[in-house]
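Taking it in order: structure first as structure tokens, then the write-up.
For reference, chains read A, B, C, D and E in written order, and residue numbers begin at 1 within each chain.
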Amino acid sequence: MDVFLTENRGVLLAYDQGLEHGPTDFNEQNVDPSFIMDLAVRGKFNGVIFQKGVAEKYYDRKVPLILKVNGRTSLAGGEPLARQNCSVERAAEIGASAVGYTIYPGSAHENIMFEEFGRIQEQAHKLKMAAIAWVYPRGEAIKNDTSPEVIAYAARVGLELGADAVKIKYSGDVESFRRAVRCAGKAKVFMSGGPKTRSEADFLKQVRGVIDAGAAGVAVGRNVWQSSDPLKMARELRALVIERSSVQETLGC
Amino acid sequence: MDVFLTENRGVLLAYDQGLEHGPTDFNEQNVDPSFIMDLAVRGKFNGVIFQKGVAEKYYDRKVPLILKVNGRTSLAGGEPLARQNCSVERAAEIGASAVGYTIYPGSAHENIMFEEFGRIQEQAHKLKMAAIAWVYPRGEAIKNDTSPEVIAYAARVGLELGADAVKIKYSGDVESFRRAVRCAGKAKVFMSGGPKTRSEADFLKQVRGVIDAGAAGVAVGRNVWQSSDPLKMARELRALVIERSSVQETLGC
Amino acid sequence: MDVFLTENRGVLLAYDQGLEHGPTDFNEQNVDPSFIMDLAVRGKFNGVIFQKGVAEKYYDRKVPLILKVNGRTSLAGGEPLARQNCSVERAAEIGASAVGYTIYPGSAHENIMFEEFGRIQEQAHKLKMAAIAWVYPRGEAIKNDTSPEVIAYAARVGLELGADAVKIKYSGDVESFRRAVRCAGKAKVFMSGGPKTRSEADFLKQVRGVIDAGAAGVAVGRNVWQSSDPLKMARELRALVIERSSVQETLGC
Amino acid sequence: MDVFLTENRGVLLAYDQGLEHGPTDFNEQNVDPSFIMDLAVRGKFNGVIFQKGVAEKYYDRKVPLILKVNGRTSLAGGEPLARQNCSVERAAEIGASAVGYTIYPGSAHENIMFEEFGRIQEQAHKLKMAAIAWVYPRGEAIKNDTSPEVIAYAARVGLELGADAVKIKYSGDVESFRRAVRCAGKAKVFMSGGPKTRSEADFLKQVRGVIDAGAAGVAVGRNVWQSSDPLKMARELRALVIERSSVQETLGC
Amino acid sequence: MDVFLTENRGVLLAYDQGLEHGPTDFNEQNVDPSFIMDLAVRGKFNGVIFQKGVAEKYYDRKVPLILKVNGRTSLAGGEPLARQNCSVERAAEIGASAVGYTIYPGSAHENIMFEEFGRIQEQAHKLKMAAIAWVYPRGEAIKNDTSPEVIAYAARVGLELGADAVKIKYSGDVESFRRAVRCAGKAKVFMSGGPKTRSEADFLKQVRGVIDAGAAGVAVGRNVWQSSDPLKMARELRALVIERSSVQETLGC
């Protein structure tokens, strides 16, 4: 992990939405992975998150790469399951510093993802890459997937299964997110950016809350590249996460 | 890919319908793979698409081969799933320049096909073959499998999963197909020919729209070998796709 | 294939009914595989079809062996599926000239059998054995499994998947069976004998129709070993299939 | 097989009920595998049947061992399935002369067990062990699992799949069991002892029937170790099975 | 086993609840695995039970480690299934003396866990580690998962499948637990601590009953680390289990 963090914290640029949500998230500019690759470099992100196909065709090795090795579309119903679509060896060849893998605890198929992540984590460590778990409780049993209990459980699942870092949703307030960070122990916690918020200030307050809670940072996609000024947003995120500026300072900068 | 394209574009002759639809598509002439092999050569197609069995018994190496390594019949219901029926090694021995694999995003089994395509793509690249994804969203969640959103998503799935090229259906108009081509990024886009259209001119206009939209070409089967003059149709397709002639020029040629 | 055919045609003696139907098909004599092995030799069959267990305990290498490497009982309901129960390596050790494998297109599990047959076919060819596909469309979607369309589709599935020969049911008349033979292309076609017909003459007319349609022969079990004079039936089949005698000539011989 | 039979016949001591039925079958004495191991030696059984765990902790190599390599509890409902829980290599290390495997023809999962037994049989033979199939038709389609037709089918399944011996239930009378023995061909037949019968004489008559029918012997558990005098029962079984004494002689001995 | 037992008995500190139940079991202190690791050392436990992730980040090799290699969350419904999430090789590298694996007999998926445990047990023994089975009957067929019959069956399943030790729930009284211990034979029996009891004395009486019944010890989590004085509880457990003190003596110490 350390190779791509700054003082143990980081801002990651997520760009696997093309597979997970489809291109409805994209406009004419950000549909192009070159634009994102360029943004990652110029925005000084600590890492960029791609699926294999995008990485193979667009990754330029100027920013650390987190290669997402599973994924699913939003088209399928039923109990969620995403399987490995890129080998760990291939991720290493492409130059990844870490592999990312989504786990859906609560799904009827969680056992398959636990097993697969277990294997991937061991291979990644042998090849000197970190293993980051996206942990999103889902399935029939999950009524509210951002309740404090569910988010704390998600964080803990990542620790127990051996993730170097977990990517989880925000639990709504600093106090409960601090609990989640405690539950993750020595596994670093990144907040998942989620859909674009109504106001930029709202989003920055959330990010500040995440940092106050002791998390390592955020992995943001739409709130950056759907922003009217992505580079400004990138600077603000770095200010909040790396320099631990306040929201006021940040907005003033 | 480049070995079988002309100025980055191409017209591919598809002939895996015997497995996918059964012989109802065939007449006494085109039921014979020798006829198709001959047509592929004489029609100067950029590639011919066969399943393993047809390739082993009829492929003559005079035209590049795209070996389709999965498939299913139209006899089975339920959520669609087609698994690998030919090893990548065998495809290479037969002389294929690329392997083709159908993915059904939206199927309850999309996770299996994502995983399998992931493995096949990596093996193909090691053996210097391209990996082409047929991407057809299906399953209970898909109401209209040629809507612009669905087609754009299909194109993007191919890019994200590492396809060198995607074969998708036509979205109905140039504008929306251009969007799909943008979503596919550096993955080349081929339009899937589909069932024989009522008039030849209609089909050629569709093909022209595909090229106008920036796609790399078409993969056509029935509209060629069910045509009354397949070689004429082949010439017209080359004119439109490779030389970028207009429909008028083409029909006049 | 050629090692066990005579002028590209052949009469095969099928004896895997003990697994597929159970011993209800057997009387005190033909329940004994020794009786069948002896009949295969004395009846000059082009090959005999056994499951692994029968082959290991009774096969004497005096007649070519087609080793059936999957099978299921008639006891189970649901969508049909039969998996490999004998390795291809073991089939070779036992002395088989070919492996046989049943595929049920239309079954919800056809994808598993397509994949398994694909692997088996490649292994068999490496070990210089032929791969014969029993193709029987089944499952909820199949209303009539001997309709001309279904039989032609079955034949084609065998060709597309790489079978050296397909074993299919009779479609009811010469014309439609000729169509199925055309659909199989260079894959040889054997008619599956099916349950014992009421009169011997009826059965021989069917066989003659199969040969008139251009098929390579028949794979017969019950119509031979449930016959009152199996050796006479064997002679008649050879006359029809190998010597292409008419039914009249054959019955008169 | 021959290493543990006497003149091609044998009495096997079955003790895998702890897994299959749970300890309700046991009293304070026979719950202890040491008691059974001792009984197997002193009762001069031709073999003793253990699961891996019992064999590893109690087997003393003074009697041939049949290691049962799959099993299931009686706690689960649904279509029956038992998978391999001990490798064939491990069975050999423990000193087994044969591996045992239960197949449930008629189960929706019979295809999995056919495949698994196929692999196990080949491995066992390579390591010079016999492969014995417990064949118990089950599942929704089986109304009466000891009807003569079902038992004969079970015997035949064992032969077809390559078992050296089959363990089947009693069909109720000598005549129908003789038919099952005929169906098993060169595969030896052992009757499964089943639950303790009301009178000892009844059980011995059944065993005598099995021998009269031409079977190789019996595999008995509860009727021996739930008996008030297990060693006497062992002597009686040997008299009937090995020496082919009549029930009268046996009871008089 | 012997490396971490004292006179064949032991008190194990269980800490895999973070995965199995989620952090609702934790307070601010015991949520931190460092606190538990320290407690294990200072409390002189015979072993500590961690999932891979916790072991990799917190295990200090001062107390023997039992690495739990499967697990599931409490979020998912349906028939229970937990698959291997840590390789046996990795467990050895981390320094584990034993691997732990949960089996749910009675689940529709028991066959998968029987197979997986079978493989894991053999690998563990090759690497000189013990294999401990957590055996918890579950699923539709299980009405009361702590009835004497069910607990005795659980113990026996562990023995039959080759576990060196079984971890089972308490059956409610000494007599019935003694029966379970008898059923486990040479496999050691550990009582699963379960949720925190209302009074400490109640819990200690239960532990005493377990020892009276002949078991090897207990694996306790919540009743230790949710206690107001965990070290005192640890001393009391050692007194009862290792020194076989009475509850009175123990409470007086």
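Rule of thumb we're sticking to: contacts are C-beta pairs under 8 Å (C-beta built on N, C-alpha and C of every residue); 3 or more make two chains touch, one makes a residue touch a chain.
Model, not experiment: these values are computed from the prediction.
Common neighbours of chain A and chain E under the contact definition above are absent. By the residue-number overlap criterion, the interface of chain A with chain B counts as different, with under half of its numbers used by both chains. A rotation of 70 degrees, rounded to a multiple of 5, brings the CA atoms of chain C into register with those of chain D.
Chain centres here are Cα means. That of chain B falls 35 Å from that of chain C. Each chain gets one centre point, the mean of its Cα atoms, and the points for chain C and chain E are 57 Å apart. Contacts with at least two other chains are made by no residue of chain A.
Against chain C, in their complex, chain D makes its touches with residues 105-108, 110-112, 114-115, 117-119, 122, 137, 139-142, 149-150, 152-153, 155-163, 179, 182-183, 185-187. Every residue of chain B that touches chain C in the complex is listed here, in rising order: 16, 18-19, 22-24, 26, 28, 31-33, 51-54, 56-58, 70-73, 75-78, 81-87, 90.
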